[in-house]
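This is the structure, below, for whatever I ask next.
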Amino acid sequence: MHTFRERRLQNFLQNYQHRARLVISCPDRPGIVAAVTSFLYEQGANIVESSQYSTDPEGGMFFLRIEFDAPVIVTRKADIEKAFAPIAETFQMNWRFRLHNDLQKLAIFVSKEEHCLLELLWEWQAGELLADIAVVISNHEYMRESVESIGIPYYCIPVTKERKGEAEEKQLALLNEYKIDTIVLARYMQILSPEFVAQFPARIINIHHSFLPAFVGARPYERAYERGVKLIGATSHYVTDDLDEGPIIEQDVARVDHRYHPEDLKRIGRIIEKTVLARALKWHLEDRVIIHQNKTIVFN
Amino acid sequence: MHTFRERRLQNFLQNYQHRARLVISCPDRPGIVAAVTSFLYEQGANIVESSQYSTDPEGGMFFLRIEFDAPVIVTRKADIEKAFAPIAETFQMNWRFRLHNDLQKLAIFVSKEEHCLLELLWEWQAGELLADIAVVISNHEYMRESVESIGIPYYCIPVTKERKGEAEEKQLALLNEYKIDTIVLARYMQILSPEFVAQFPARIINIHHSFLPAFVGARPYERAYERGVKLIGATSHYVTDDLDEGPIIEQDVARVDHRYHPEDLKRIGRIIEKTVLARALKWHLEDRVIIHQNKTIVFN
Amino acid sequence: MHTFRERRLQNFLQNYQHRARLVISCPDRPGIVAAVTSFLYEQGANIVESSQYSTDPEGGMFFLRIEFDAPVIVTRKADIEKAFAPIAETFQMNWRFRLHNDLQKLAIFVSKEEHCLLELLWEWQAGELLADIAVVISNHEYMRESVESIGIPYYCIPVTKERKGEAEEKQLALLNEYKIDTIVLARYMQILSPEFVAQFPARIINIHHSFLPAFVGARPYERAYERGVKLIGATSHYVTDDLDEGPIIEQDVARVDHRYHPEDLKRIGRIIEKTVLARALKWHLEDRVIIHQNKTIVFN
Amino acid sequence: MHTFRERRLQNFLQNYQHRARLVISCPDRPGIVAAVTSFLYEQGANIVESSQYSTDPEGGMFFLRIEFDAPVIVTRKADIEKAFAPIAETFQMNWRFRLHNDLQKLAIFVSKEEHCLLELLWEWQAGELLADIAVVISNHEYMRESVESIGIPYYCIPVTKERKGEAEEKQLALLNEYKIDTIVLARYMQILSPEFVAQFPARIINIHHSFLPAFVGARPYERAYERGVKLIGATSHYVTDDLDEGPIIEQDVARVDHRYHPEDLKRIGRIIEKTVLARALKWHLEDRVIIHQNKTIVFN
């Protein structure tokens, strides 16, 4: 299956070798787009996609994501950043240039449920998940074979209530070793400590197996069954200290009826979960998601 | 527009003049379907639709809804019911025969939001809502003209906190006068008293403007906005004493994103609300909804 | 019901009194966005929404739609257009400024099916269809009362095969009299002549009762029934000389199954048709739809 | 990953060891359900699910699928069939009893596109596809490793225009050898000969990468792109001699817009294809699909 991945990745890298993006957050005021696009024009960039959002034209925040082609960007990224700095300062911007081919390094955390991990592995093998899956970390041995058989390192770090801190230390050591950019909790059923979360702000993505804010917490399918809902859902969100309360990136639902027992809801739910997580992760990897006041702006 | 309604209603009544349905709930045990269908066969009935559900084949409850054509049913319904009684007793059935052409009498309650009422009126005029809208009751004058112009009586009964009981008395008098079978709360923003609800068990249908159990209570769209959900929804349910906790009949959702302000969510929500309410009401009117332990079995 | 419309329209006009939009098509090349946004900035405009699309960054066409707030635009639109002309010439632009409060004049054409017309009338009354429904034209008398009762002129112009030209002349006279911008064929079951269509290029919107290109032409629901499809749909498109071949603006589908007879498909289909048509029309009215090579770019 | 499959399959087989189903087609007339359910009652069967459909209560065809629990069925299936034969004859029935645990043997045909095969393999490993995947046959070597690594035999039989008959002979030999019940064309891009198809009537399931009947034949995504549709779809159907004209089992769609190039449509389409094929196959395997006049009745 590697051949798919390699072929598609090769295509991608070649097609987008001059592609980059610029993502900006700043207080809204007139002239931002004019200043940014004039700058890009002067660098010889051709804008291929542009998205913006203003929370309030008067006194709100402004968010901008621009994708552009510019041969110069690959070779002289640092120079361009330096040239852009004064504009950024004028408008008090948070900003970042990123090359399209600069793939993020992922760590996938998983427990016993395999479907989300397998979906990400399959999309990665198919060349559709444009990231570098650097490592899979689990508190069980279950998936080792599936993961190692395609050449990705797998670490089993058991987690017990008493020695959770110890486990997190080992995890953090691995995350540093592999220089991880983004952590994906692919149905990893453990709660991370605030200290752990603090080290990866807006860089840990979880999939919750309910349509939040319905059924926050444990056993959402059982509770959906008991309440007799007619749709079940899944929610992908950034992890914060508040359980299941982080900024929502994506949600979806599927129709169910009185005939579905909790086991059936779980079966249907697995398809929603893996699909929603994969979508959210892709948007994150393409810098399409901006967090603002515990909500997300998604430029998809 | 009356012409549509009359033409379609005429067609319907003629097409289905020999159609009836039998709805049964009883403890599950072998032989129920055989007994019921043998009985119907002996009456010369031809079954055209049959739905059943068992909560648990061993020791659970069994639910059955059969639609059939039988010329005899129109003229001798009472005789057939009498003949069926011994079978019903054997199996400890709750049961009811209803003629397809025996339309229910509806009262629609409404406040200031017009969309749900107008949808029901439009479907009724189009001959697609097979019921007799006997009366519209509101705590405001807003819709009088729309309702009266198509020949439906409209009563404005103002409701104040202090004199709620008085208002409910007037409402109940009207409901008796018009021999109402089912009450539809079409965005009627008042909470009914337990005494009122008790008079219409499983006969009051509400539309809540959120995807329950998310955002129970007031201002769901504002709270959906604040939480940053990516889908909003509506829920139609039977009214019980617990606010927004009654058995859910139907739900649906629509996709939204960061650009939608609360006003936009309300606008989108109106379309979901009216659609969901109309679907739930139709199933109820066709005896397709059975309540069991605060959940619904919907044979649709 | 007028009160809803007036209240919401009043709100709208006041909220958006300084809002305008600029829509541009031109050959793609670097510098367009910079030039346009710099110009708007110089006019004191604050961009609130911007969408763009390039068919091909190298040698393709470029499309841009910008919404902005600018107090000056209302009072000095002509001056601003004059000032923009040189930029437009430089980039060979097709372009247009339009004030948000400059509502288009609509003519709705209808035959015997009422649902699409009623949906548009209802949205218009609810203040959600921001246009001026100037006139309804039908080849039947059916809807006169519904339309006139809310104060919109209704003309019945019968159409026969032999005297179609005559009917179209009368229609054109009315369209001129009412200074119509856009024609909506709300299930108007007549085919317009090429001469008629030529007078309203990209300004006639039709709703076809199938998921095009499946079931082009007559009796789509009957053919969908015969083929046994599991989803039925509707398509809103601009009218061109080729029947059902014009640029598609919007489509949607609903699930059906073996139990649905053609009459049921029509009933379900009516809901899809009216929803799809209303969506397409709104996007058109907000200049969100651009036609390019018999396809549409929709900035929604 | 085998552990998942084995665990779930074990659960399944144990839970459903007394479960069987009876599927019937016959001319409609009163008394069928009564006769069948009385028979089942006499055998000590408890009905757990029952679905029926009549094309026309007067003179049409009648279809019935009953799932029931009956300890006797496992040990004395032949006796029960013998006892049922006279009833079947009375009503001119086509009929079949099947044990729930009597898994069908599948052959999956595949070419170069891997997504449908991998989805089926994944669902099979997860214990959610209740069948015995006996063999995978391809005209390429691409998937050998993926398939053999989980213990399923893989045969590469190259197909050329000139020697197609020869290839089909080899395929048929394998199908016989493995006693195949159902063939799944999981994006197998070859057209089977009428002779081949005739050997597996209603037992070959294909996935077509469009929303049929739109885009019958080759290159559907390219043609969808050219037409500018706003939804793309996939269709799973039984294979007959008419290309893409066989009875449709299931269809679904996904929303696209002007930004999607053919490559993007293919990417989105892959998700629809694999989902639709998996759903259709499951219904087929559970005898929920009945073919009638080139359409399907699906009791799902």
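A, B, C and D are the chain letters, set down in written order, and residue numbers restart from 1 in every chain.
Throughout what follows, contacts are C-beta pairs under 8 Å (C-beta built on N, C-alpha and C of every residue); 3 or more make two chains touch, one makes a residue touch a chain.
The structure displayed is predicted, hence computed values, not measured ones.
Colleague: Between copies chain A and chain B, are the contact residues mostly the same numbers or mostly different, with half as the line?
Modeller: Both copies touch with mostly the same residues.
Colleague: So which has more C-beta pairs touching, A-D or C-D?
Modeller: Greater number of contacting C-beta pairs: C-D.
Colleague: Based on the averaged CA atom positions, which chain is farthest from chain D?
Modeller: Most remote chain from chain D, centroid-wise, comes out as C.
Colleague: Report the inter-chain centroid distance for chain A and chain D in whole angstrom, where each centroid is the mean of the CA atoms.
Modeller: Comparing mean C-alpha positions, chain D is 36 Å from chain A.
Colleague: Can you check how far apart chain C and chain D are, centre to centre, with Cα atoms defining each centre and the answer in Å?
Modeller: Taking the average C-alpha coordinate of chain C and of chain D, the gap between them is 43 Å.
Colleague: Hunt down the residues of chain A that sit against at least two other chains at once, touch-wise.
Modeller: Residues of chain A never touch two or more of the other chains.
Colleague: Can you name the residues of chain A that touch chain C in the complex?
Modeller: By the definition above, chain A touches chain C via 28-31, 33-34, 37-38, 40-41, 44-50, 52, 54, 57, 69.
Colleague: Tell me, which parts of chain D touch chain C in their complex?
Modeller: Within the complex, chain D contacts chain C at residues 53, 211-215, 227-231, 233, 247-253, 257-259, 294-298.
Colleague: Once bound in the complex, which stretches of chain B touch chain C?
Modeller: Chain B residues touching chain C: 1, 3-4, 114-115, 118, 122, 126, 128, 142-143, 145-146, 149, 267, 271, 275.
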